[in-house]
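In this document, chain identifiers A, B and C correspond to the written order of the chains, with residue numbering beginning at 1 in each.
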């Protein structure tokens, strides 16, 4: 078995070391060794103090995001075989680092909550008759409109890929704006009016300059950049409507 | 630690509507012009004719004069000068932000103000020419 | 709660040098710099046209100087690079639907390049007719 050199950014504030540093490990690997497997190997065989997040190992839970050679990646979905030379692993960019590869996602979660990413529809509450327990109906064509934007697993890779979020953490950012757009496009939803004020802000859709790297790194092909920029069209329309209504 | 204040869905200061749709609209229109009309304009006016590949008579004084100071000339000024100016202003403004230069307000005034000034200059020049 | 000791590096102004994707982004944003030069040339041309045949001739000579041609050649390449990036963005920002289906993005990109070619032909006709 061949080995691969991994440089991992360590940060251990509880040991009184308040500056991050790099630590090298040599990892035996084959074609099926993922970055997450490599981290597990380090923790189990070489250095038990390494901290990182993971759960599903199959690109579903979205918890194993790290920077691999300066690009945001899911550890479980990236393979050592695809990298020539040593591999540099660091915590996701643009977030506060708590320990080693563990970041504080609080900002991201706040931004998600701000756009109210859930169905807003009061019609089922009007009379608690039997209709109240009925499910919403939706045709395949209606679902097609938002389906691509509904695949997000909240991994945060797009935030680490977004320099505008890096420059201004107040920017709602790719995933949150994508979810806002996804619910606005949903035929069952009536919450667009409540979401538009968030999107219309400077820190809403308008901080985006269509860098496009978010869509490049998204492990679920959600294309957040497209959603955010379609959100700009919606926000511009919203402004025009506001002007005509006075 | 948490610097996020964007959670409050109230009508506070940070919920203000951005004026960006105006600039983005001009940017987009200018971007289309930059992509569709400007390449041909540069190719002929700034490359083929000055290099002598297309006859020098193409921009002879009388000919140029009657071409520019006409309705098509006005359309040319709008599509090849004014709108691309606003496109450029928008990208320069955001580029300055990307490079962490200047302040948001100052950059806005300088870039869009510059584009507006040069556009007015072009339109005034056109007006003088047809009068 | 224990004292938070998180590490939060600030994004430095040279962030875009750290990844090839960001360099390409900055190149896209920088396409407007030679564009501005070309637009200033056009404005100078407009005003020299107003000042009579002699100053117009001066402007034509100015446009022939190698440095000006070089920068304008750069502007030409920049305009095509801009077009290449801009045309790809369009179908993502405004996906067009026809008959209940989204038009294939490649078709929309191709359609826009067709527009560029049409404008080139039109410009050739405008500048070269009667020569």
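One rule holds in what follows: a contact is a pair of C-beta atoms (placed from the backbone, for glycine too) under 8 Å apart; a residue touches a chain by one contact, two chains touch by 3 or more.
Remember, it's a predicted structure, so these values are computed and weren't measured experimentally.
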Chain contact topology (line, ring, star, complete or other): complete
Between the pairs A-C and B-C, the one where more C-beta pairs touch: B-C
Length of the line joining the C-alpha centres of subunit A and subunit B, rounded to whole Å: 35
Centroid distance [mean C-alpha coordinates] between subunit C and subunit A, Å: 31
Distance from subunit C to subunit B - Cα centre to Cα centre, in angstrom: 11
Contacts with 2+ other chains: residues of subunit C: 4, 6, 16, 29
Junction residues of subunit B, two or more chains touched: 1, 94, 98, 100
For subunit A, residues that touch 2 or more chains besides their own: 96, 104, 163, 167, 209, 232
Partner subunit B, residues of subunit C touching it in the complex: 4, 6, 13, 16, 26, 29-32, 35-36, 38-43, 45-47, 49-50, 53, 56-57, 60, 63-64, 68-69, 72-73, 75-76, 79-80, 82-83, 86-87, 112, 115-116, 119-120, 122-124, 126-128, 131
Complex interface listing, subunit A residues touching subunit B: 96, 104, 106-107, 110-111, 113-114, 116, 163, 167, 169-170, 172, 194, 197-198, 200-204, 206, 209, 232, 235-236, 239-240, 242
Subunit B to subunit C touching residues, read off their complex: 1, 31-32, 34-51, 54-59, 61, 64-65, 67-68, 77, 80-81, 84-85, 87-88, 91-92, 94-95, 98-101, 118, 121-122, 125-126, 128-129
Residues of subunit A defined as touching subunit C within the complex: 11, 13-14, 18-20, 70-71, 94-98, 104, 141, 163, 166-167, 209-213, 216, 223, 225-226, 229-230, 232-233
Parts of subunit B lying in touch with subunit A, wherever the complex brings them together: 1-7, 9, 14-18, 20-21, 24-25, 94, 97-98, 100
